[in-house]
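Presented below is the structure to which this report refers.
As written, the chain order gives the labels A, B and C, with residue 1 at the start of each chain.
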Amino acid sequence: MTRRTTAKTLLAAVVATAFSAFTPAFAWEPTKTVEFIVPAGTGGGADQMARLVQSIIAKHNLMKQNMVVVNKGGGAGAEGFLEVKGAKGDPHKIIITLSNLFTTPMATGVPFNWKDLTPVRMLALDQFVLWVNKENPAKTAKEYIELVKKAGDGKMKMGGTGSKQEDQIITVALQKQTGAKFTYIPYKGGGEVATQLVGKHVDSSVNNPIEAVAQWRAGNLRPLCVFDNERMPYKNKVAGDMSWNDIPTCKEAGVDTDYVMLRGIFMAGGVSPDQVKYYVDLLEKVRQTPEWKKFMEDGAFNQTAITGKEYADWVAKAEKLHEGLMQEAGFMAKK
Amino acid sequence: MQEIQSLMGGFAVAMSWFNLALMLAGVSLGVLIGVLPGLGGANGVAILLPLTFTMSQQPGGATSAIILLSCIYWGALFGGAITSILFNIPGEPWSVATTFDGYPLAQKGRAGAALTAAFTSSFIGALVAVILITFISPIIARFALRFGPPEFFSVYLLTFSAFVGMAKGAPFKTIAAMMTGFALAAVGIDTVTGQLRLTFEIPALLKGFDFLIAVIGLFGIGEILLTIEEGLEFKGAKAKLNMRVVLETWKELPRYWKTSIRSSAVGCLMGIVPGGATPASFMSYGLAKRMSRDGEEFGTGKVEGVVAPETAAHAAGTSALLPMLTLGVPGSPTAAVLLGGLLIWGLQPGPLLFVEKADFVWGLIASMYLGNIVGLIVVLTCVPLFASILRIPFAIIAPVILVICAIGAYTVHNSMFDVWLMLVFGVLGYVFKKLDYPMAPLVLALVLGDRAEDSFRQSMLGSQGDMGIFFANPLVGTITSAALLLLFWPLISRAIAIARGRNGRGG
Amino acid sequence: MEEGKSVASMRAAELVMAGVFLAFGALVMWDSKRLGSAWADDGPQAGYFPFYIGLFIVVASAANIFRALNLGEKGRAAFVEWGQLKMVLSVMLPTCVYVALIANPWFSLGIYLASALFIAYFMWRLGKYGPAKIVPVALGVVVFFFLMFEIWFKVPLPKGPIEAALGFN
């Protein structure tokens, strides 16, 4: 009896192994460690998201192979993008993007384009909020812009992360829309910008929600408007009796400007549809976990998450948009 | 004293067997990470972040997770000194200044003393910083807020002034070496304009020259080549190998109390601001050399020359967690990763963390005390073991060191190009030594150049080109004046001497 | 050749080194000019500091060249003797081969195998050890690093055919 059971189990195991050996014919799976490349340094927004994805995958055993996060932030991310561009056909490398997917090649002339990569899926869109110090007399975006205009061109300082990247692009778009003129001061990281604003070394910032939320809750900063075409959906009270949802859009506030940043995943060029599908599904599983949902709410992300052709079209449109903004601002690299 | 009460609560959280075991594991891993050049504290913590994710989701688990990660950080702070002293290879950027006197000490057969001094000073630096964090963190956080670009620039200038003027030898060689450091620091993307500088369209140059690559090559490989030229053996093989060396060194250490106090102060300031542990160690070494009675003999193997940078580095590394917790601004690359960790675990670092997650914060602070004690015990008991590495014959240890250097250079950016670069720096280090080009100004310029230039240009953007901004308020004015005074001290002191001489003759 | 014979004089070495610095400084200045090296309304341009840094390097190197030419007796001293150079090369060349073997476009061994071979060669050639000592040291070190990086820390280092055969890739 015992022997037969053992034999049966053994048989079952053999059959299972045989089947699992065949599975690659049905669906592709990674056969070695997957490198998750972050085209930015450790500790930034993209890095956090990548490490969260890695942690969730490890915790819930969503993938048989390991995933490692590799930071390649040199040259405003060019290092990372060039690496993936050079890994044509390699299905074991994925990369998370910031807006530097568009801005870096335009501003530096480093030869790469998102078309060198295979779009996998959008994970979320990162929001930008116009922040001022709590002691700033302006209570609305409109009032603040009036203050900037009254102070004179270049007298008020806008702090942001990096140069010729998303924060400066928003600043330029805001200037174009309203006619106010800021002096833009680039810093190395978002947390640094928020602190500089609290310390009144700059007059305003366009920090992501997650970069400034702690200072908002502590009553040191005031959000004026969000650069999106609709309000953030999160209605839980965050700071005092304010929720993310209570922040008006910039359009409502009378300074019609919008900008969201892509947090999307790409693979190298020349990979098969099977391989893309694997990662699309994997990341969908990640999106369904409670940890991911909590992170989205903490950071007040826009949870749009499209795939396939819809995603590629979105990226193409975003590229056009950036090209226009960069050209107008005179940020394009000289040929 | 409300703080004491909170701290006791923190000890109650941190003192579980599980947490103590985590501390031991974290510190040991950290020492290992610190010893290996390249795989620094930041990388080490980042690598283990996913491991702690599951842990952090349990009730009270976030405290355990941060204890594990921060103890890796303490371990790395301790461990960086080991290879600096034994082989002239700084395991971490902040232990470069430790090589200046630590390595000569080891060559004299006093590796045990150098290691003991380094570990003990690290501990003292950390202790001072933790006490500061425990009792006056709100005040410190407010102070840190006063630092804008002009203030940062003046601090970098101060670091630089404290250190230059020390180099002996041909002034033109010093200038050439130092300026080369600045030039290498400029390679890559320019923060202020987003332009690529000195990259010549070579992809491998996009990421710039990493300080660690240069240091592993210049110091480590260069030293091996020099040693080989002299014959195949390391000096200092006759290091004492028992625990008595620890006690003997402890007897000597109280003599340097002034240096310890000064270095702790420098370290805490640089950690809080945050200027970073590496500049802190250089500044502290420079000040000690100027102010100590034995200053002239620094660089030949003085225990005091180990005490100064190690105290400051550890004080800065520890106090760097304060702006991270209270402001959400990382004071060091490792703190940046820890900050990311907090966010991933669903905590929000910032002014409210102390109120909303008091358990977590005070547990962490208590673990800083405990973790550093655990760390000190671990590394001190290993002093004879570390020192005995020098007894291994050269033909065995040299290839192992070269392998470690290669792996270290690779892991900094996962790049083979960096490994080749390290070899080039190695040859450069060898030639530098033989031709009397000083290396310290080069590495200091490499580590500070970029940041100093950024903060200078940020200041200029803000003031629209007005240099007056460096004297615009008492804080920045004081630091700038102190920096200029230090920088021109040789000239000033000569002028004073001449004036006195004249008076003497006149009277 | 004689062991104690000078390969290069101090003067020659000083001149070469200063020449390298001079060229480097000129290169830095040239690239900075391209970026714009003026002081604009809102402070220095991207190339401002590098330009003057380059200038400083050029001037200092010129001064060093001048000094090297006037070294006199000291300049004739040996920078490196033949015996010394032979020792240095006996380490430097294998190290270069080692790094080349880790990863190259044609024939990569991966870092672990290359390290084992390098340690073994070094011990055999310079330490005159026998296999009884070489094998445990070379293998032990490499296995330790393998466990540490690939298993514990999950830091991928360059790998080659052996790791692939073992299923690690």
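The definition used in the following text is that contacts are C-beta pairs under 8 Å (C-beta built on N, C-alpha and C of every residue); 3 or more make two chains touch, one makes a residue touch a chain.
Please read these numbers as outputs of a predicted model, since none were measured by experiment.
Greatest centre-to-centre distance from chain C is found for A, with centres as Cα means. Comparing the chain pairs B-C and A-C, the larger number of C-beta pairs in contact belongs to B-C. With centres taken as mean Cα positions, chain B sits 32 Å from chain A. As a whole-number value, the distance joining the C-alpha centres of chain B and chain C reads 24 Å. Measuring from the averaged C-alpha position of chain A to that of chain C gives a distance of 38 Å.
Multi-chain contact residues of chain C, defined as those touching 2 or more other chains: 42, 154-156. Residues of chain B in contact with at least two other chains: 43, 190, 192-193, 195, 414, 461, 464. Contact of a single residue of chain A with at least two other chains is seen at positions 70, 183. Considering their complex, residues 41-44, 47-48, 51-52, 54-56, 58-59, 69-76, 78-79, 82, 107-110, 154, 157, 162-165, 183-189, 191-192, 194-196, 198-199, 201-202, 210-211, 213-215, 217-218, 220, 291, 294-295, 298-299, 331 of chain A touch chain B. Across the interface of their complex, chain C is touched by residues 32, 39, 43-44, 47-48, 170, 172-173, 175-176, 179-180, 182-183, 186, 190, 192-193, 195, 197-198, 200, 224-225, 228-229, 231-232, 393-396, 398-400, 402-403, 406-407, 410-411, 414, 416, 419-420, 423, 427, 430-431, 434-435, 437, 453, 456-457, 459-461, 464-465 of chain B.
Chain B makes touch with chain A in their complex at residues 42-43, 46, 49-50, 53-54, 57, 144-149, 188-196, 199, 203, 206-208, 323, 327-330, 333, 336-337, 339-340, 343-344, 346, 348-353, 413-414, 454, 458, 461-462, 464. Against chain B, in their complex, chain C makes its touches with residues 10, 13-14, 17-18, 21, 24-25, 27-28, 31-32, 35, 39-47, 49-50, 53-54, 56-57, 60-61, 63-64, 67, 79-80, 84, 87-88, 90-92, 95-96, 98-99, 102-103, 111, 115, 118-119, 121-123, 126-129, 133, 137, 141, 145, 148-149, 153-158.
Every residue of chain A that touches chain C in the complex is listed here, in rising order: 31-33, 35, 66, 68, 70, 183.
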